[in-house]
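Once you scroll down, you'll see the structures, which are given as structure tokens.
Shared chain: subunit A. Partners: subunit B in the first complex, subunit C in the second.
For the complex of A and B:
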């Protein structure tokens, strides 16, 4: 009797210890997150001022200077990549949502999963082979092509998943009124799922904004302001990489500032996507 | 009549875009294979078995990078596993909803959103000095950079992925199984150990595989802290290079055609390794209908 009693107590103690361990390990993950945010804010906030955001980098040894070229370059890369990826991605998503079965459709689905899994540096190699080699120079365009390939799977999947949720009643009502198939899709089904599509696009942009690897040998980087799509441009993550791995403390400080700007931008994007998804979610 | 033709144009456009997606992936494969042909001719099978990577003497053995990649990724996986399992049990079993769980979920989402170059930079300026101190305690050469540092950063980066997949799986374990165990007098710990984990095993394995795929393909964070040494690593403290980091470091500087081609072949190898791993993971997830 005594042994079984202490046995139960031991089991209860084990149970409590396990819960404590689970809670401890779960919250341990927050420590690096807090540390990263703390260090970025602490080291970055002092660097950021109006000049930092609007001036071009100065040569080594001169004080001041900023990241305007990288900000402009990042914006240009995002806009160009979106111009390529959004129409293709949304159309492919519509195709998959409409074509539930079939050899091509399931091929495209598999293809998007594979694309999602390809390391970004390999996408960079491909964009280099396709665009940089054929044009003979590093360029914003080649960087955008690489980023667009990375956006595609995210946009395609979110478009497909959203449009699948649109109930068939809507489609049948529209078709019954004599509206053509194409108009039904474009005017009824796509607008019903617009918020989901928009969320996917924002998530895709957030994914590529921080990408560095595919830009190393496509967009390449550029210390001057350039708005020419056929010339190399700088981007925020590329600049952070170059400055952080340089031996100069002045550049390290700039890298922290740029990191803070980048993190705020990416998190803002993710947050907006989440708010849109939550607030304007169409309930069927 | 016009309506009918607009319909058929619309359908054709949709199908064409679908086919374009197939061609895109096929194009990626074909490009990588064709562009690695010169390397395959020049280096042959020694490319996969050679341990010397010396472009100056035209020696291209990529085994060092494969070893470096697998070592960092598996070490990262081992470090991250207790944490992601704990989070999975936390979110999937103990705290399925409520303030605490949504707080933890937001933290995980935040973590997944941080760009890898930021992880790399934080690793370089914060983690490297720490590891250096540890290395001095152990009496090994205090580089600070190296496999251990890269694995630590990678572990932090992949926890969100394996944790979110595993917690979904743990959540799916049928309640009647769990209630049966509890009604037989099992404590919650015993129930989790004997019922939840065995029944969620293959899903957790899928999550692990998917995060392993991410770790293998991860470039920037690793490149910044691994030390970029083209040698066969001798311990977890030694600097090394991974397949992704060698491409990131040398591709833009590679001049001669065979050199570039060899780097592209490394890229091809890297893609194959990640694809095999993540496809197995996705297959398991599909089968479980997650």
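For the complex of A and C:
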């Protein structure tokens, strides 16, 4: 009697210890993130003001100036890359979700996995070879092509996975009403999985927003405001890279400010994706 | 006697090289309820899915023989036309989760791109929901999502959705198997009322249900149509020993 009692005690203590360990380790996981955010905010918040967000950079030695060119460039790159990657990625995802087996489908799936694993710098080189060399100039377009290639696997996979979750009985309900296959896919299956597709798109955007490597020899960077697709543009990560590797402390401060803006943007994307996934989730 | 709405003649169906229906002959009378019963796996669902040409959507599935709808061979028609004329209610209620109750009822029109006037739509929605005995319960939340309804209400919504298309025949695949006794009674009541206006082919493996609501009953066993006749005859003086055994609960 006594032994079994203390046995249970021991078990409860072990249980508690284990729980404590799990909680501790979970906290340990958050620590690096908190440190990063703390560091960026501490160093970056000082330079952030209206001028920083809306003015162009000034030459070294002058005070003031901002990151408007990089903000505009990043937005332009995101929009262009999305225009390329979203239609292709969503269509491919629909195809893969509909075509569960078959050579072409498995081939596409394999390609997407491989593409996901290719280092971004390599994708940048390819975009350089395709677009920059053939057009003879660095450009927003070439940067967008590189970024679009990076978005593709994320969008394709999330589209395929969410559409797979749409129950077959909905498809059958539609077909049984005499609705054609194409309309069934477009009007029943895709809308039922729309939140998942949107979430995937936002995560893909979050993923490419911080990319520097593929832009080094495509978008290239540009200290002036440019909204021309065929001209070089700046982007936040490129600007951070250029400022942070400069020898001037004022520019280092600017790099921190830009980093803060970038991190806030990416976290906003992730957060929005979460909210959409939760709020608009279709209940089957 | 009137000529039947639907005639199934020497009809066989298979999945790959697995024969599931063997040489079925059956006719469905105008504005009557015909029940298809039999133990699980005997091919009931397959048979009604052949009638609205859903069977062929499955890889490697195929059929032989013919099915006539008013003397027109279904398998020579465009499957989309067939499905517009033959409505279907599934085993599990499947309203479209992205659509309101209203849009669910007229989904057959909207999805097919059939343009109709707003007043006409309102009329179809009300009429179909009334026929499906759901109108009173949902009339003041027509524009809310259909997936908030109870299971029985969802199933009646699906019935309304099928009825809205004015089908020649309504196929119902165990429409009450996912429902509780009260909702089941409700749907059975509904079937008895509906048959004044529509021909119904009802799959059930609930013997009592077949007896309660149908005028004709077909008994399928392992892909064979063992016996087919008026419900009264089949339940009182069945010709075949297997029918008798099934009715007395020896299998299934």
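Convention: the second predicted complex is superposed on the first by the 253 of 284 C-alpha atoms of A that agree within 3 Å, B and C clash if a C-alpha of one lies under 4 Å from a C-alpha of the other, contacts with A are read in each partner's own complex, and residues count from 1 in each chain.
Keep this in mind: contacts are C-beta pairs under 8 Å (C-beta built on N, C-alpha and C of every residue); 3 or more make two chains touch, one makes a residue touch a chain.
Keep in mind the model is a prediction, meaning the values are calculated, not measured.
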Partner chain(s) touched by A:180 [first = subunit B, second = subunit C, both, neither]: both
Contacts of A:71 with subunit B and subunit C, given as first, second, both or neither: neither
Subunit B versus subunit C as contact partner of A:261, first or second or both or neither: neither
Touching partner for A:130 - first (subunit B), second (subunit C), both, neither: first
Subunit C versus subunit B, contacts on subunit A by residue: B
Which of subunit B and subunit C A:188 touches, first, second, both or neither: second
First, second, both or neither for A:108, with subunit B first and subunit C second: first
Intersection of subunit A interface sets (partners subunit B, subunit C): 180, 183
Residue ranges of subunit A touching subunit C (in the complex, touch as defined): 167, 169-170, 172-180, 183-184, 187-188, 191-192, 194, 282-284
Residues of subunit C that touch subunit A when the two form their complex: 52, 54, 57, 80-84, 87-88, 90, 92, 94-98, 107-108, 111-113, 147, 158, 161-162, 165
Complex contacts: residues of subunit A adjacent to subunit B: 11-12, 14-15, 18-19, 21-30, 32-33, 35-36, 39-40, 88, 91-92, 94-96, 98-99, 104-105, 107-108, 111-115, 117-126, 128-130, 149, 152, 156, 180-183, 185-186, 206, 209-213, 216-217, 220, 237, 240-241, 244-245, 252, 255-256, 259, 262-263, 266-267, 270, 274
Subunit A-touching residues of subunit B, taken from the complex the two chains share: 3-4, 6-7, 9-11, 13-15, 17-22, 24-25, 27-28, 31-32, 35, 82-83, 85-87, 89-91, 94, 104, 107-111, 113-122, 124-126, 156, 159, 163, 187-190, 192, 213, 216-220, 224, 244, 247-248, 251-252, 263-264, 267-268, 270-271, 274-275, 278-279, 282
